[in-house]
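Once you scroll down, you'll see the structures, which are given as structure tokens.
Two complexes follow with chain A in common, the first pairing it with chain B and the second with chain C.
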Partner chain A sequence: MIQPRVTLHLHNGSREYQPGDSLTGEYRLDVVNRWDIRAMEVSVLWYTEGKGDEDLQVHYFYRLSADDGDYINPFRPGRFNTKLPNSPLSYEGVIVKIRWCARVRLFLPHGKEAVDEAIFRVGRIPYARAVLP
Partner chain B sequence: MSCSPTPRFPENPFSTRKTRPGAIPYVFPLGIDCEAILTRLAQHDWRGAIVGPHGSGKSALLATLIPAIKSGGHLVVHHELHDGQRRLSEKTIAPKDDADVVIVVDGYEQLSRWNRMRLQHRCRRRHWGVLVTSHGEVGLPTIFRTGTNMELACRLVRELLPLADKTISDTDVSAAFTRHEGNLRETLFTLYDLYESRREDR
Partner chain C sequence: MDLVARRFRFLVKKRRNRQTGSPQVAALGQTVLFALLFVVGIVFLVAVLWYQFLPEWRVIRNYQRTTCVVRDARLGQDPNDVDRHRPEIQIEYEVDGHGYTIWTYDARFHSGRGYAPGSQRQRQILDKFVVGQEYPCWFDPKVPDRAILVHGFDWTTWVMLLLPVSFIVIGGSRVGYIGITWGKSTERKAVLVQRASQLELFEPETDYQDDSYPAVPEATDLTNSPGVRLKYRLPIERSPTWRMIISGMVFMVVTAVTALFLDIAIQTHVANNPDWLLTLFAGSWLIVSAAALSYFLRQIVINMRAGLTIVEIQSHPLYPGRQYDLFLSQTGRLQLHWIEMSLCCEEIATYRQGTNTRTARKRVFWQLLLRRENVEVRQNTPLEEQLSLSVSANAMHSFKAMHNEVHWQLVVRGKAEGMPAFKRQFPVHIYPLPCKKAAT
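After this line comes the complex of A and B, so read on.
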């Protein structure tokens, strides 16, 4: 049986962006039957990763839902485009990191999902280093 | 599902994102499973406590039980209490006039004695279930005691580390686990720091 799959691709292969840059990407949905797709979401967001509480903010989002009568065509690649904001910049700290990512989620029957995400960098803050005591 | 950050953005496998309750499935002791615990809870009229020391997996167990309680047709109202939170907000205790409610309170001992009594009284009067986590006995039937051991710690770490990643060894796990006297949460925090200090990409 073929597993439904999402493939996400950012047009800037280096995945390095500056604030205000345009982020464009493309996704493909691999499903046997288009009627299996209940909904699909595309988002561009940042989140924190580290030891403490997590934070997250969605910068760009759209959702297509079969229940709302939206037509989701899995046989043609989808595209998205958004202008990146001035902040926050990506940060690779030791205790906390700020990550930007584009994510495509496919909602299937029986609560199943397929997801792909592409992490990218906004700005050029150098990586932090852990200092041993 | 495919979810593959490029090697230039490697994740720390011990970050909160990877280790928070629900991110890793709860590992039950031999002979116990989710269903057995729910059966025990149902036998006690849906009133019970999960008891265990800090970092022993109480919240992780709740994260496993809550979806199962929901799929049994109950409405779960989940409260997570932190240090010094002595009361539940009146507005968020539970919706009114709903008979099949289970109130879940993670960190029940944070509540003042008076607020615990009030909550229990309210739950009894409205025929709501109440499931709490606590470090000790709190006047509710203990339906499960959580605990940790070195074998469990090593197993969880092996599951968290990417395949072939030898940054953290069993000896590291053992040292951190001993240092934190069996507190798995603190053990994973220590391993997060160790992982950061040994990363080759820095």
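After this line comes the complex of A and C, so read on.
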């Protein structure tokens, strides 16, 4: 049996953006029939990695739900577009890292999900290194 | 499918795609736990209302006031527990021409309750009632031979109510939160929390977007104090006076505990029955007390001799690639071996380890802005220095989220004769350059 899949593609091939840039992307759903999709969410967000507990904030969020009567067409690629904010910039610190990503999440019957994400950089902050006191 | 090439580690934090637990099972477990807390709270609340609140409320609502004469007073003992007592007062009063003589005290008395551990407080209550004197009392019009001397809610009733109410609030709110977020993705939950924090609960759930400086701390808290030489006087991060007061309080608490243990230990020696383990324990507290005293004295010396450190800045917030004027003033009466001012950036990460919350710091930038050696600071002639600060074009902006932070600060350090080195920190915020598209 073919597992439903989702693939996400950002239009800027280098995946490097500046604050205020427009982020555009496209997603394709690979399912046998459209009744398999309960809901779909597109989000652009940042999250932290490193020693601390994870912080996460969503910049752009879009949800379509079959239960709410939204029409989700799995046979046509979907597009999204958002203007990136002034902050936070992507950061590769020593114990704090900030990552930006676009994510598409597909909700399937029986609580199953299919997810794809594309990580990109905002700004050009160089890698940080530990400095002795 | 990704193959895991590394060894799987059981005892370290596993997040995102390394998580092994089921979020559904975890949520179910939490729901059961907090629902139980909620139910216990409800049962407890009903019990408190039925047995404590309602009898007192009926008294306040229905009982009528009259005057009685106290005939006797005694300390009542709980028939089931010899250590629990209650005050019992014999009063005499009249209702509609009929005289009544009864033993009573408060609303709980007639249902055989009102006993409390010990007897000292109950004796103090008895002392307030003088035999032969008149006092106000309240009787039940339906059952006139039932009267009491205390009218109103007892403070314990409110305390007893507080406990189940807190259970209900904690249990109910957590179950409600789990219910709202059940089956929702991490992103959707984050959006719900963001909207709740911005009080935009009734916005439609599509096209959510924010245009400000998210996750950059507000600069207004650092610009509310005007400077004398330059535009703003920067606030100090941790005041040395507060550090001195807190270290003084810690010293007093530690000394009190040490004195207590030492006293008990000495008594065992005096009684010719020395407890060496306790003596050793008291000795270790003595060392802690000495360390606390040393730190407290150090803070006093720093506070009295180093005086105020003032840092003023031309503009705030700071932006990468720009230059700013700074002014440093160090007051006091001291011969400084050296004093220096630096710009510093630290990463701060807060994380949970078991039931503890820990904070890790890592310095990632340090730039010396000024260093002076062998400087004398007199009472009326403080050290004053004008300098400039260049923020690197590649500097990371200030960042603050719930568990992670990128923190910039100006640090003034110094070492003077006859006193330990001192350090004072002045936070600054670096903002990312405004995007060109937003500026136009």
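The criterion applied here is as follows: the second predicted complex is superposed on the first by the 128 of 133 C-alpha atoms of A that agree within 3 Å, B and C clash if a C-alpha of one lies under 4 Å from a C-alpha of the other, contacts with A are read in each partner's own complex, and residues count from 1 in each chain.
Keep this in mind: contacts are C-beta pairs under 8 Å (C-beta built on N, C-alpha and C of every residue); 3 or more make two chains touch, one makes a residue touch a chain.
Just so we're clear, the structure is a prediction, and the values are computed from it rather than from any experiment.
J.: Record, for the superposition on chain A, whether partners chain B and chain C clash or fit.
T.: Superposition check on chain A flags a clash between chain B and chain C.
J.: In this superposition, which partner touches a larger number of chain A residues, chain B or chain C?
T.: C
J.: Check whether A:20 is in contact with chain B, with chain C, with both or with neither, and answer first, second, both or neither.
T.: second
J.: A:7 contacts which: chain B (first), chain C (second), both, neither?
T.: A:7: touches chain B, not chain C.
J.: Check the residue A:41 against both partner chains and state whether it touches chain B (first), chain C (second), both, or neither.
T.: The second partner, chain C, only.
J.: In the overlaid three-chain picture, which partner chain does A:129 touch, first (chain B) or second (chain C), both, or neither?
T.: Both partners.
J.: Just checking: does A:89 make contact with chain B only, chain C only, both, or neither of them? Give me first, second, both or neither.
T.: The answer is second: A:89 touches chain C but not chain B.
J.: Report which listed segment of chain B has C-alpha atoms clashing with chain C; options: 132-140, 150-158 or 168-176.
T.: None of the options clash except 150-158.
J.: Starting from the residues of chain A touching chain B, keep only those that also touch chain C in the other complex, and list them.
T.: 49-54, 94, 113, 128-130, 132
J.: Going by the contact rule at the top, pick out the chain A residues touching chain B in the complex.
T.: Touching chain B: residues 5-7, 15, 47, 49-54, 92, 94, 97, 99, 101, 113-119, 121, 127-130, 132 of chain A.
J.: For chain A, which residues count as touching chain C in their complex?
T.: 18-21, 41, 43, 45-46, 48-63, 82-83, 85-89, 91, 93-96, 98, 103, 105, 107, 111, 113, 123-126, 128-133
J.: Over in the complex, which chain B residues touch chain A? Could you list them?
T.: Those residues of chain B that touch chain A are 1-6, 8-9, 11-12, 15-17, 20, 189, 192-193, 196-197, 199, 201-202.
J.: Can you tell me which positions in chain C touch chain A when the two form their complex?
T.: Those residues of chain C that touch chain A are 15-16, 24, 183, 185-188, 190-191, 194, 205-216, 347-352, 360, 362-366, 394, 396-397, 399, 401-406, 431-438.
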